[in-house]
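Worksheet: one structure, shown below.
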Amino acid sequence: MELIGAQLVNAVAYGLLLFIITCGLTLVFGILGVLNLAHGSFYMFSAYIAYSITETYTQSFWLALFVAPMVVGLIALVVEITLLRPTYHLGQLSQVLLTFGLAYIFNDIAPVIWGSDVLSIKVPSVLSGSVTIFEQKFPVYRFAVIGIGIAIAILLWMVQNKTKWGAIIRAGLSDKEMVSALGINIKLVFTSVFIIGGVLAAFGGVVAAPILGIYPSMEFQTLILALVVLVIGGLGSVAGTLVASLLVGIVETFSRFLAPEISMFLIFGLMAVILVLKPNGLLGKKVV
Amino acid sequence: MKTIVFKLVTVFVLLGLAPLVLSLFHLNLLSEILILAIFALSLNILVGFTGLVSLGHAAFFGIGAYTAGLVSLNLSNNLLVSMGASIIVSIITAAIIGAFCMRVSGFYFLMLTLAFSQMIYSFIYQSTNITGGSNGLSGIPNAVLSGFEFSNAVYVFYIVLLVFLATYAILGIIVKSPFGQVLIGIRENELRVKATGYNTSVYKYVAFVLAGAFGGLSGSLYTYFNGFIAPSDVYWTMSGNVLIMVLIGGSGTMLGPVLGAALFVILETVVSSYTDSWMLIVGSVFIIFVIFFPKGIVGIGQSLMRLAKKRKLKYDAKRKSKAA
Amino acid sequence: MVEDKILTISGIGKSFGGLTILKDISLEVEKGERIGIIGPNGAGKTTFFNLLVGDIKPTHGKIFHYNKNITKQPNYLRAQNGIARTFQKNNLLNELSVLENLLLVLQRRQGYGHKWFNRREEKQYPDLYLKAYELLETWGLSHRREVIVKSLSYGEQRQIEILLGIASDPSILLLDEPTAGMSQSETNYIVKLLYGLPRELTLMVIEHDLDVVFGLADRMVVLNDGEVLTVGEPDTVRKDERVNKIYIGTGDED
Amino acid sequence: MRKILMLISLVFVLAILSSCGNSAIESSLNSESESDESGDGDGQETIKVGAILPFSGVYASLGKDLLNGMKLYFDSIGWEVSGKKIELIEEDTEADPQVALRRIRKLMDQDNIDILTGPVSTAVAYAVRNDVDSNKLPFLVSHAGGNDLTRGKRSDYIWRSSFSSWQIGNSMGEWAYENVGDKMYIAAADYAFGREVSTAFKEAYIAAGGEIVGNVYPPLGNNDYASYLTTIGGEEADGVYSFFAGSDAVRFVQQFEQYGLDKDFTLVGSGWLVSENLRKSVGSAAEGILASTFWDYSLETEENQNFIKAYEKAYGTRPTIESLEGYDAASIMVEAIKELDGDVSDSDKVVEAISNVSFTSPRGPIKFDKETHQIIQNMYITKTLAVEDKTENKVIYKVEEVKDPGK
């Protein structure tokens, strides 16, 4: 019983970590209709930048948590303005392919800057202890991740439901033409949302770095996982992403516990089953 | 029909001379281009002609390759047996995966194909006892056909060339056939095709299985070519690479994927001698094509030809007016 | 219960989520009858068509084609069985030529759709091409044969839209605003074509141009707010006060 | 128009491919009838060494260290041996066997290399095995440790100077039983190498009298070990034997400590758990880990100290075990060439010469097992200690002359 309880804590922590990483991807897809395959690259860059900040320049994790997303937000801005904005007319598929190409490029840039060694970020001392629950020690940092995940979920929910921006965003989710008809600058909305997506990816990169590590090609592994979560939850649905993250966290944690040999298999199996039962994901709207 | 046969024979004779002209290294490069070209052509049925963008096509390549390898190792290294087995297993797999994937479209199709291919990848990666796992499947004997052993690169090249031409001819006919025209219709406007009375799901399904079968075929050739298979051939980056080949070459054309495969392999061979940042180069080239040449190399060729024609017309007109 | 009515619609309705678009529509259509469907925007006319061709499934009610219950039949089967439609917005294979658009319809009708091992070319399928040329000739589109659809004028595309509907040789043709967005001369041309259609072809026409539809139809169905307001002969409907009221009330532009 | 396009592309492809060099038919017939492919005879002025290593992808840092080690040795002899110049041709495998095959064919057919060395990935070594064997190209394996290379897939032309999985796992078995306890749990990455090493350990440990109470094989590149660690935490054992490398090792060791397992279990493993380039990332969690390896920075022999000094001077960073592998591979090749007085035209003589090489390397005395073509070397048990705010490995035990059984 204790073991199951302990695994549940692991599952929730892991699930919310996935949520932190994926929610930016969901947001961008929901509003821009762009499946941003460079999302993982933003995540990776942020982790590397955070490493530079915590190891080379200052020792502050908190500073890294603030600065790295800013830098990546800037990269996202440049990408949106130079690459995506002039090409919205090419259609959604072309945009996916563009970000796919970007992911290839970013993959090679990172090792040039940071080398190809495995790196890691130290957890700030406040969060480096451990807590005992279910007769099992847990790192405090895992609970911090749970907290951050919940906070982001609430924040996104508030923004979406309580603010004017949220209204635009919700309108964008359902009808892009209407938004522009209302006289709202859709370009500005798109750029902002893409930056927010990048910032969220970057935030995920810093938060995840102490757990998942920093190493070459890390972004593809994370990207695939994020895509799985995105699709299970339903493209574009933040609530769906939250549910899917937790579901994937639970399935992956318990399959590692019960049947470690097939755990890799199970996540993709879960995705296939859900798509067959609910072709638009758990909470997704129909997207063509 | 006669002209097709004539064309095929011409190309066969021309390319058949390659071993006399090319060095062994370049011949191997050509073999690899042709194998990947078959692979790209098979994906093109889906991406280019039916409008279904798959990011999991490496699954079939891998299944074909591993089936050919395992059959050669354990049952028989007869070329027709192992190649036949590859195609059959690929068809069965495609039939199963297709049954799931046909229920979704667009991004979901892309993701579901990715999911299935990753499942197959993890199965291959973890079944160390059967597939050799991360070490790959090695020590695969040379293929044999009625006593003749395909023991060196030249012989393998001729199998590859033969299969390539056959594939090119068959797919070339299929896409021009009434069936192929329905696929093109689905790519352009599925709703309209349905309203016309076609059960588009069946057509898409058949296209999916067809693509899987030829994907498996190309995989089996890769096994004869290398005598070795690694799980990286089933990984999603392989699917990504072949998608890039199709799109750079020109999707929805027959020649495009072939040129795409050629450019990809040549570029990789040339570039890697100068820099380790191969992915940076291919990513940049890909982006340039997506933005500026969405119709790929074939598209560029067509525009150039149109331009030349216009020039010629102008030139002729000028000459005429002068003469007058 | 059902005799030789070509179409029997019994109490169908459709709601999306909480919103009811159509409620309890019942209608019997005789073979060869020409029915005009009018009503203000949002009355549910196109939804009604979508239900008939099977693009969407009704929330309740049944549809019979002759004596066969087709309520659950998928759209492609209904099309095969002779229920054809045109779309309100042009819905063509834009990157293909006029001929290719037409051939795709004709090859299905002649049972060649699944042939996969020979090229579709004139040598192989002379009857198919002959039929296509014939149709294009009749519709005065022969000279546009090889033109890519997207480079045609809007009116020409509209013609193709209707041509494709007729090419499938249907027993019922549902025309969704055939003259929408056309100039007066183009409208006249289309109307002439519609008048010339064989009498045994059953027509159902959604149309905003009342002059067009009153001249063409044997019977009018007026929809309002998802319900049948009235059904009757064109002259009767024309005089109906309720009909005039909704038309004056809302205007008839789309 | 299509016809013209096709023709143009055909000519284009042929033109690009048809550079100089003898035709494929000639060379492939040659390789069948004649014995020697590599080299152009004794008249040549340079000896070409081909290195297939990963310079991009996940193993990039290993590839670069190996290359640095090789270059360090070649630098020390001025890139010259027996009056011949040494030319090193590097090719990037991208850790992808198919890419590696393409590259190695280039090295053989275009560059006509005399000796091949590398690779990091065992899959690459297996992939190129047949091509190397049929071309009779001397191949000195400088890292890839899959057992089969010197067992079932043995070739006359392939010799290995690095290690085999068996040597790594086996060397820890008996020592762990005597010094850690009689009950162990195994956690190893689920790929061929992880399985081989842990199997070798298991056999040796059980043979010594120990009991394996359970095992778990997380997939390679697994990103979170929490679930596995919770499972292990519920077991009764004295220690955990683990095989992880690279980013997996960093995560596993860190999370092992974070989940408090270091209090109840002794973490035992291979040198890659605490290798020079990882320990900084692992941080204090590495403290107390026992590992088996064939070289360590802390070895106090004179040869090792000289090697370290030279390496740090040249590159400004500590050598890793891969740097040593590169350095040793270069030394072995040079020794062999010396013995042949610079004549590498006969590949049979080259491998014969390699087999006779024996000297004291920074890792200790080494020689080849002429039966298996596998190196015979000392293995060391290290313990990781906290030194100021860092950690350092310390060699605490030496297993002498470990020889792979070859089957």
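Per-chain numbering from 1; labels A, B, C and D assigned in written order.
Definition applied: a residue touches a chain if its C-beta (ideal position, glycine included) is under 8 Å from a C-beta of that chain, and two chains touch if they have at least 3 such contacts.
If you want to know which protein each chain is, UniProt gives these names: A, B = Branched-chain amino acid ABC transporter permease; C = ABC transporter ATP-binding protein; D = ABC transporter substrate-binding protein.
Just so it is clear, the structure is predicted and the values come from calculations on it, not from any experiment.
If chain B is disregarded, contact among the remaining chains splits them into the following groups: A, D | C.
With centres taken as mean C-alpha coordinates, the chain found closest to the middle of all protein C-alpha atoms is B. Mean C-alpha position of chain B lies 42 Å from that of chain C.
Rounded to whole angstrom, the centroid-to-centroid distance between chain C and chain D, based on C-alpha atoms, equals 72 Å. Put simply, the C-alpha centre of chain A and that of chain B have 33 angstrom between them. Chain B and chain D have centres, each the mean of its CA atoms, that are 35 Å apart. Within chain B, residues 122, 125-126, 276-279 each touch two or more of the remaining chains.
Shared interface positions of chain C, defined as residues touching 2 or more other chains, are absent. Counting only residues that touch two or more partner chains, chain D has 56, 60, 190, 219. Chain-to-chain contact here is organised irregularly, matching neither a line nor a ring nor a star, and falling short of all pairs touching.
Pairwise chain contacts present here: A-B, A-D, B-C, B-D [touch as defined]. Across the complex, chain C meets chain B through its residues 53, 55, 74-77, 79-80, 84-85, 87, 91-96, 100, 103-105, 107-109, 112-121, 125, 164, 168.
Residue ranges on chain A touching chain D, taken from their complex, read 3, 6-7, 10-11, 13-14, 17, 108, 111, 115-120, 122, 130, 136-139, 141-142, 211-218, 221-222, 225, 252-254, 256-257, 260-261, 263-264. If you check the complex, the residues on chain B that touch chain D are 7, 11, 14-15, 18-30, 32-33, 122, 125-126, 128, 132-136, 138-139, 151-154, 157, 222, 226-228, 230-233, 255, 258-259, 262, 266, 268-269, 272, 276-279, 298, 301-302, 305.
Residue ranges of chain D in contact with chain B, taken from their complex: 1-6, 8-10, 13-14, 16-25, 27-28, 31-32, 55-56, 60, 91-92, 94, 96-99, 101-103, 105-106, 108-110, 122-123, 126-127, 129-131, 146, 148, 152-153, 190-193, 195, 219-220. Contact residues on chain A toward chain B in their complex (touch as defined above): 35, 83, 86-87, 90, 92-94, 96-98, 100-105, 107-109, 112, 220, 224, 227-228, 230-231, 235, 261-262, 264-265, 268-269, 271-272, 275-276, 279-281, 287-288.
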